[in-house]
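In what follows, subunit A forms one complex with subunit B and a second complex with subunit C.
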Partner chain A sequence: MASSWCWSCLSRLRAPSTPRAILPPQSITPRLTTASFHSSAVQYANPTKKKGALVAVKYRQGQTLRRKKKKTTERSRPPAVGERKALRKRIVLSNPNALEVEGMQDLSAETMIDARLRGSVLGLPVPMLDQLRAVQAFKPKQGWSIFRRPGTVLRRDTLEMARLFEKISGEGDAAEKGKVVKKIITGLKGSGKTVHLLQAMAMGFLKKWVVVTVPDARELVSGDTSYSPIEGTNPLQYVQPNAVSALLMRTVEANRQVLSSLNVSQKHTGLPSLKPSSTLEDLAKLGFQDAAIAWPVFQALWTELTATAAAPGMEKDFKARPPMLVTVDGIAHWMKESAYRASDFTPVHAHDLVFVKHFLSLLQNGQASLKNGGMVLYATSTSNNPSIYTLEVALDQLAARQAGTSPSSPDYPSPEAYSGADARVLDLFKPTTGKEPQFELQTLGGLTRDETRGYLEYFARSGLLREEVNETWVGEKWSLSGGGIIGELEKLGRHVRTTAQTTPVLN
Partner chain B sequence: MVFILGVNFPERNLLKKSLETFFGVGGHTSSRLLARFNIHPTCRVGELANKQVLDLTAVLSDMKIENDLRREVLNDIKRLKETGTYRGRRHALGLPVRGQRTRTQVGCFSFAVSYILRLDILDTMLGVFGCFVDMVLMVS
Partner chain C sequence: MSPRLNLFTANKAAAALRQPFAVARAQRSVALPLLLREQSTPVQKRWNSSQNHKKGLSPDEQKFPTQDQLGHVGEEAAEMDRIMHKEKSCDGQPSSPELEQGSPVADILKRDKEGLKHMPKVMQDQLKKSGSRSFSTSARSRLPELQNTESQDEISAAVLADMIQQVNEQVAARLPEGLKFDVPVLPAQKKTLNFRKRYDTMQEQFTKMLMQDGKLARAQKNMSIILDHLRTSSPPNINPRRPLMGGPPAPQLPLDPVLYLTCIIDSVAPLFRIRQQKGIAGGGTAVQVPHPLNLRQRRRAAIKWILDASEKRRDAQLAHRVANELVAVAEGRSGVWDRRDQQHKIGISGRANLGLAPRRR
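Let's turn to the complex of A and B:
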């Protein structure tokens, strides 16, 4: 045991373990106690720290304040396959918080041609919504979800289109029955091109036409569906079985009532599993049950729908075929090389995809192809639009022809030299020959002031807009929206809130 | 799971990415392979038809990829070493081969060295395996 005496100063070290009993008490014997450092007097010594206050500093530990790092949060499982896409593509057509607009009329065969209703919003019939959903007429970023129920404005272009539907269906003027109207719809961003197509589809369903749509032209050329070459074609063409199958599925779902009432009237040698007595619905179903035969089935369906008479020996149960509506949205994607590659790695032009070619050929031979009449509406898009110089030139040429400029005149637009213009695209837009009617360019502009007023009143009546809709205010919004561009009006309508109420100041 | 050149791939994997897992198949080769058999670029492994799988495997097995290619790289380095070229010497010393500075930051080269070491180990293993196969053949 160590001695309890300090060897340098011979003072007694504090040793609590020393037996106290043999020592005199401290209070009696003045005893020299040791400080921690011997050279200073006891009274000047630093007060000894309490034991608890001692904080052990570890070796090489910093003295600065350190904050604890945030714990990494545990990652949950990623959403199931397809869930995110489903959320992205979700379409909400109703907002239960919005007010129901009293006295709102539905789109019907009568109201769609009623010029008195111009500028008012007509609701889409509720039973038709499933059909419109099936043909993917609604797009996710349109403002359907802010109103109680979906509706569209009856604008000038809509009324004109409705009259065309009337004429082609042959109810009004018999002379126009069975005609084919072909239009390319362009316009500024937000001018309502896609909704114009939607209105066409709705009218097609009302008139019991067969509606065939390509809701997004890009999907066919973006390299996202399978493709395979068709042997013996020159230049080599490609078929997209899954895309065709999807189109058949859409067509059947939307036009079930019409297709199930029509029977097969032609002989289809390529489809041995088809029974002679089956309906067109059964025929189309073959295609989406087996994607490998989707293209022959589509061709067979097209032949059936455009037939004017039954094949010999199959006249029984033949019914006249209805007119057809064909719509494509975002046509610019079809005017360039696709993302597909030929086997030698050269890009495949969109016009070499047989499905795309089928729809594009309707511009040149629509009347010959759609023998029972109909409408071909191809819209450009501005929200998802590749910049294609040749298409711009081709549309300028079309506009010039419509304005009466002769193709031989020096004012007629032509592609610049060395611009590498696509001859196939220019060829597609050349004037049609023979009995084939010319296709038109329809440019959608803004609403008129009256239509704007009707549209904004609809916002007010839905409870979204709490302002007095008067002439001055409408005029202001009409100007702000670039002359009644409906997409801009919608933004204004949904963002404008009630102005602050001035409270009376009491003195 | 789909079996392509002796490797099992999950069905939901992208085919292009799956092909690129083979040593010696990059973006350039894989996109050409897809084009050759008319497979779209976003195809999943599960969407392939049986014939396409067989075609792909047949083409891949004809190509110099995986261990054949690794061995070729090693042989090239070995040749450089044996002929006593500057590049060979640099390889042998484990130093940068292509004229990079070595005054500072030679540590970056360690990765390449370790890669070649790995190839060396692999080569030894392949050699041992080859000898083993030879022995078995001789015995039988």
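Let's turn to the complex of A and C:
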């Protein structure tokens, strides 16, 4: 039997049949939409605001995000070629604003061995500054530029070195004329290794020695200067003519007075243009006029400087040769393979560069080579320094030998197995044999408190430091600088602290 | 009328006659329960907490609740009356409260040889016993400690008194006329150089504004180059129309580069910024109203101007550009001064608008 309601009526029936609830429905499940503590129901809440009513649509305006671009200012042209490098390498030795330190003494043959002046800052003599500049003793970031004139602290190591200079020059009580002292100088970063070399050069100039320096060992192995193989050498060796030429130029510039007073006393077959009456300055000048013969010229100069007597027939005006000072800074660069390549594209070891080899061989045969005596100072560096494991081991061995450990004892440091230690480097640092004196390891540490005080007083007297330099304050800085590391002390000394603020005046 | 003996002070009398050792012992007999209690405490001691450095009172310093009780007010008044009026000592003077409390037995025994013979048996025993103990003590370890502290206390007290006396004498000698106490320390004198921060406030602000791409170390390096430039460049020729505010005279400026920098920045810093305020004039036009800045904000504005101006320089390094611009500001050549003047001119003309509130629609 069909129903009297049609489907459509049934569906229509549903809507009006449920009357609108007057009271909120009592639901069993708690409502999640309203908080339980509300007494009003959802139905009585205010009608929700229409969305989008707040955003006023502006006409004729884009809806995309636009950001302002920062305008790059057009500089007319970049700085000239080499200007930036010149700025980087510039060495300023004077600050006219700094105060002149009253009573500051100059470094001289008397003051450099005076133990009473220990801890005080001695000025470098003004005429010597050109010589020191010529041998590139100053480095750009050493802070010379904030003082009125350059000066260095007379510390314990300096005094000891000064006494050595006196001895080797044949003066003083215990003169040992003709002796050769060979030292490798190490120390922490900022401990004054390069300045120690500078002091050595200054003393060398004071004592009228011949000073030969390699200010940056890296330049010889970084592949920047030209090189060429030497015929008939096995293993093949390489010469760097331009670097030798630059060395000759430095040496002549710095030692002009000494070299011009000495005459040629040997026969140099390789240099036909050399006159018998010419001075050593003229000899060296041949080398930097023509880089191709720079290496033979250097060898000739070296034999002249180390000669003890004139060749037969040339004794006319032979003068005794002065002792020599040889310094190299950043020796670690010479203990690895250089950036140069052989013809089969294998890297060339630094010891195969004849220039490098010549200087390094002085460690083993310094006394034999420098017959007139002198000093060989090779410093390690801690800035821009390659990390060379073999050198570390070699220096450890040297320290152990100096401490009295026998090379055959089990405590003697040796490179670890499979570490690939460089045999040539170890060979270089092996103990010398025969009459040759051993080379020493000198480790520079911090200044003592008294020296620190003198150094910081120098800052205060130059007007750079506005603090009361007393025992407490110096002790504090001494500790802060890791026990008197002079580079750190310099940072602390130049670190500016204002005692008083300017009070802003309203105008 | 004989002075009454006070038996509470009998211990002290014995102390005067005998070694201090005996005192400690006699008092310990009283304080024994206390000691025992004290010894039992370490069990409960918390070792993880910091040690309590406050020392407990030594037994002879401890007070017992019944020791010194004050009488009632009335009793006290009666007592006073008795002392002042009724009770006279032998010489007719009113007896002092000290006498009323009783003269120490020690004094009496000192001057009275007869009294020594007839003194109570307890005291005689104490006098006779010198070394050996009649009782055992469990607090053996405390003995040396007690003696030590006592003697040390005496010594330190004497030293302290001596020091105080010396200081007093010095102060009396040093104090200027008319001052009772020390000269007050002004806050400016208290300023210490031990900054919590490494750099000066202004230097730090400048460095942070100099920073590019969040590279603070590079900014600090640049800052040190700038300061070195200021330190080594020749002293500024100051334009009289654009003087630097405060600070030492120009030739001294390079020796203190941070002060030099501060002078420069503070001199070109604007006093206010110009706010574009809508809704004052009506019609949608913005009105320029000066808004005051605090010190840090003023410096920020000046540094920003200087850095903007240095952009146009041709030196290769950022630090050199900024340093040269700073020197130009110090010498009055820089356009930053014009910018500041312009800002101040707008501000002066706009100060009529200061009181106006924005209109409500």
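In the analysis below, the second predicted complex is superposed on the first by the 412 of 507 C-alpha atoms of A that agree within 3 Å, B and C clash if a C-alpha of one lies under 4 Å from a C-alpha of the other, contacts with A are read in each partner's own complex, and residues count from 1 in each chain.
To be clear about the criterion, contacts are C-beta pairs under 8 Å (C-beta built on N, C-alpha and C of every residue); 3 or more make two chains touch, one makes a residue touch a chain.
Please read these numbers as outputs of a predicted model, since none were measured by experiment.
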Answer with first, second, both or neither: which of subunit B and subunit C does A:Ala98 touch in the superposed model?
second
Considering only touches as defined above, state whether A:Val81 meets subunit B (first), subunit C (second), both or neither.
first
Report for A:Ser145: first if it touches subunit B alone, second if subunit C alone, otherwise both or neither.
second
Give one of first, second, both or neither to describe whether A:Pro229 is in contact with subunit B, with subunit C, with both, or with none.
first
Of the two partner chains, subunit B (first) and subunit C (second), which one does A:Tyr340 touch, if any: first, second, both, or neither?
first
After superposing on the shared chain, does subunit C or subunit B touch more subunit A residues?
C
Going by the contact rule set out at the top, does A:Tyr418 touch subunit B (first), subunit C (second), both, or neither?
neither
Can you pull the subunit A residues that subunit B and subunit C both touch?
none
Under the definition above, what is the set of subunit C residues touching subunit A in their complex?
193, 195, 200-202, 227-228, 231-235, 245-247, 254-259, 262-263, 266, 269, 271, 295, 298, 311-312, 314-317, 320
Which residues of subunit A touch subunit B once you look at their complex with the stated criterion?
81, 223-229, 238, 339-345
Spell out the part of subunit A that touches subunit C in their complex, as residue ranges.
73, 75-76, 78-79, 83-84, 87, 92, 95-99, 145-146, 463-464, 466-467, 496-507
Could you please specify the touching residues of subunit B with respect to subunit A in the complex?
12, 31-32, 34-43, 47
